[in-house]
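First up is the structure itself, then whatever we jot down about it.
Think of it as A, B, C, D, E and F in the order they're written, each chain with its own count starting at 1.
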Amino acid sequence: MPYVNVKITPENATPENKAKLISGVTNLLVDVLGKNPASTVVVIDVVETEDWGLGGLPVEEFRKKRSSA
Amino acid sequence: MPYVNVKITPENATPENKAKLISGVTNLLVDVLGKNPASTVVVIDVVETEDWGLGGLPVEEFRKKRSSA
Amino acid sequence: MPYVNVKITPENATPENKAKLISGVTNLLVDVLGKNPASTVVVIDVVETEDWGLGGLPVEEFRKKRSSA
Amino acid sequence: MPYVNVKITPENATPENKAKLISGVTNLLVDVLGKNPASTVVVIDVVETEDWGLGGLPVEEFRKKRSSA
Amino acid sequence: MPYVNVKITPENATPENKAKLISGVTNLLVDVLGKNPASTVVVIDVVETEDWGLGGLPVEEFRKKRSSA
Amino acid sequence: MPYVNVKITPENATPENKAKLISGVTNLLVDVLGKNPASTVVVIDVVETEDWGLGGLPVEEFRKKRSSA
């Protein structure tokens, strides 16, 4: 019965990897809390990098700045 | 003044049906809680099926597995 | 299979009214989109008025200001 | 370490303005709460107008109705 | 840099189990997507059973009905 | 008409500081995007430190580990 929302930027967000996230999160909730997998909902949001901010910057700029530091 | 977020997969998510969800949810909050419709916000997220997990599987696979059981 | 999150301030948020919101939202999704009620999840968040802002003010102050206008 | 989610309709949601929102929200959390900008996450969701309801109507219709009132 | 929100009802939601969820989700994102754990944020919301609806009912009633079926 | 959700841990989360966050976020949306403050909603969630994970650890442990590094 849990609900899990995963927000990630698009790198490596293939259907295969999304399926791994869904099964991995569901198994974790079964193992740790004894939840019923049949009513465990996982929603993945792929967020464009211009919509993701870190350190006060869009994440692409944050990465450039950090790697050039 | 309430805020409601509705997450659904794309089946039947036409503009007409979205408008029905918006009016239906708003009327419900007015009727049950006496809320002011003018400040009731409804946000609908249409989530692709590869991004929705149920029973540890992407929902398309979950449906196939269930219907073949 | 939908997921609905309802955020409201505490006025009238009794268990009875919450149950009405849960059944009302679920019925709406069944009627408008043909969703399966058994996998429709509704989560209600009761948000304290000091944590809810409208018009740039905590909602209690917003209400006072409006009613005295 | 805060997490901020900003949901807006598409008007004026250019990359430049999104960058201003990200820096503005981050600076606010630094100034008011003393948060560390390096672990402050901001996620912006641009929501299509047919998916945004206000006053029981999709927001485009709400605006038309109000401007014609 | 991912953000994960986990919503659960209170059963077994001890600090120890929450710590296991946090480490498990973070490891999963590192393993599947190569994310940086230092900027992976996990927020757990414990939701009271009267605020969680399933099958059109508050979840306590849903469980009673199912177990008596 | 925007909706903003701010999630923070409890340090310094006084009513006065929450009011500053509400006005600051609202002003930012007015200044950057020309939004109407009267329909700008801000919801603040104060999240207990045991419910907030960073670097794979509950945030209290993450802070201890970092400060002793």
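By our rule, a contact is a pair of C-beta atoms (placed from the backbone, for glycine too) under 8 Å apart; a residue touches a chain by one contact, two chains touch by 3 or more.
Given the structure is predicted, the values throughout are model-derived calculations rather than measurements.
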Chains in simultaneous contact with chain C and chain D: A, B, E, F
Centroid comparison with chain E (C-alpha atoms), farthest chain: D
Proportion of interface numbers common to chain B and chain C (over half same, under half different): same
C-E against D-F, pair bridged by the larger set of C-beta contacts: D-F
Inter-centroid spacing, chain F versus chain C (mean Cα positions, whole Å): 21
Centre-to-centre distance between chain E and chain D (centres being mean Cα positions), rounded to whole Å: 26
Residues within chain E bordering two or more other chains: 1, 3, 7, 21, 25, 39, 41, 43, 52, 54
Chain-level touch network, classified as line, ring, star, complete or other: other
Pairs of chains, among all present, that meet the touch criterion: A-B, A-C, A-D, A-E, B-C, B-D, B-F, C-E, C-F, D-E, D-F, E-F
Complex contact set, residues of chain E against chain F: 15, 18-19, 21-23, 25-27, 37-38, 40-46
Of chain F, residues touching chain D in the complex: 1-9, 11-13, 17, 20-21, 24-25, 28-29, 31-35, 39, 52, 54, 59
Chain B contact footprint on chain F (complex, rising order): 1, 3, 39, 41, 43
Complex contacts: residues of chain F adjacent to chain E: 7, 47, 50-58, 61
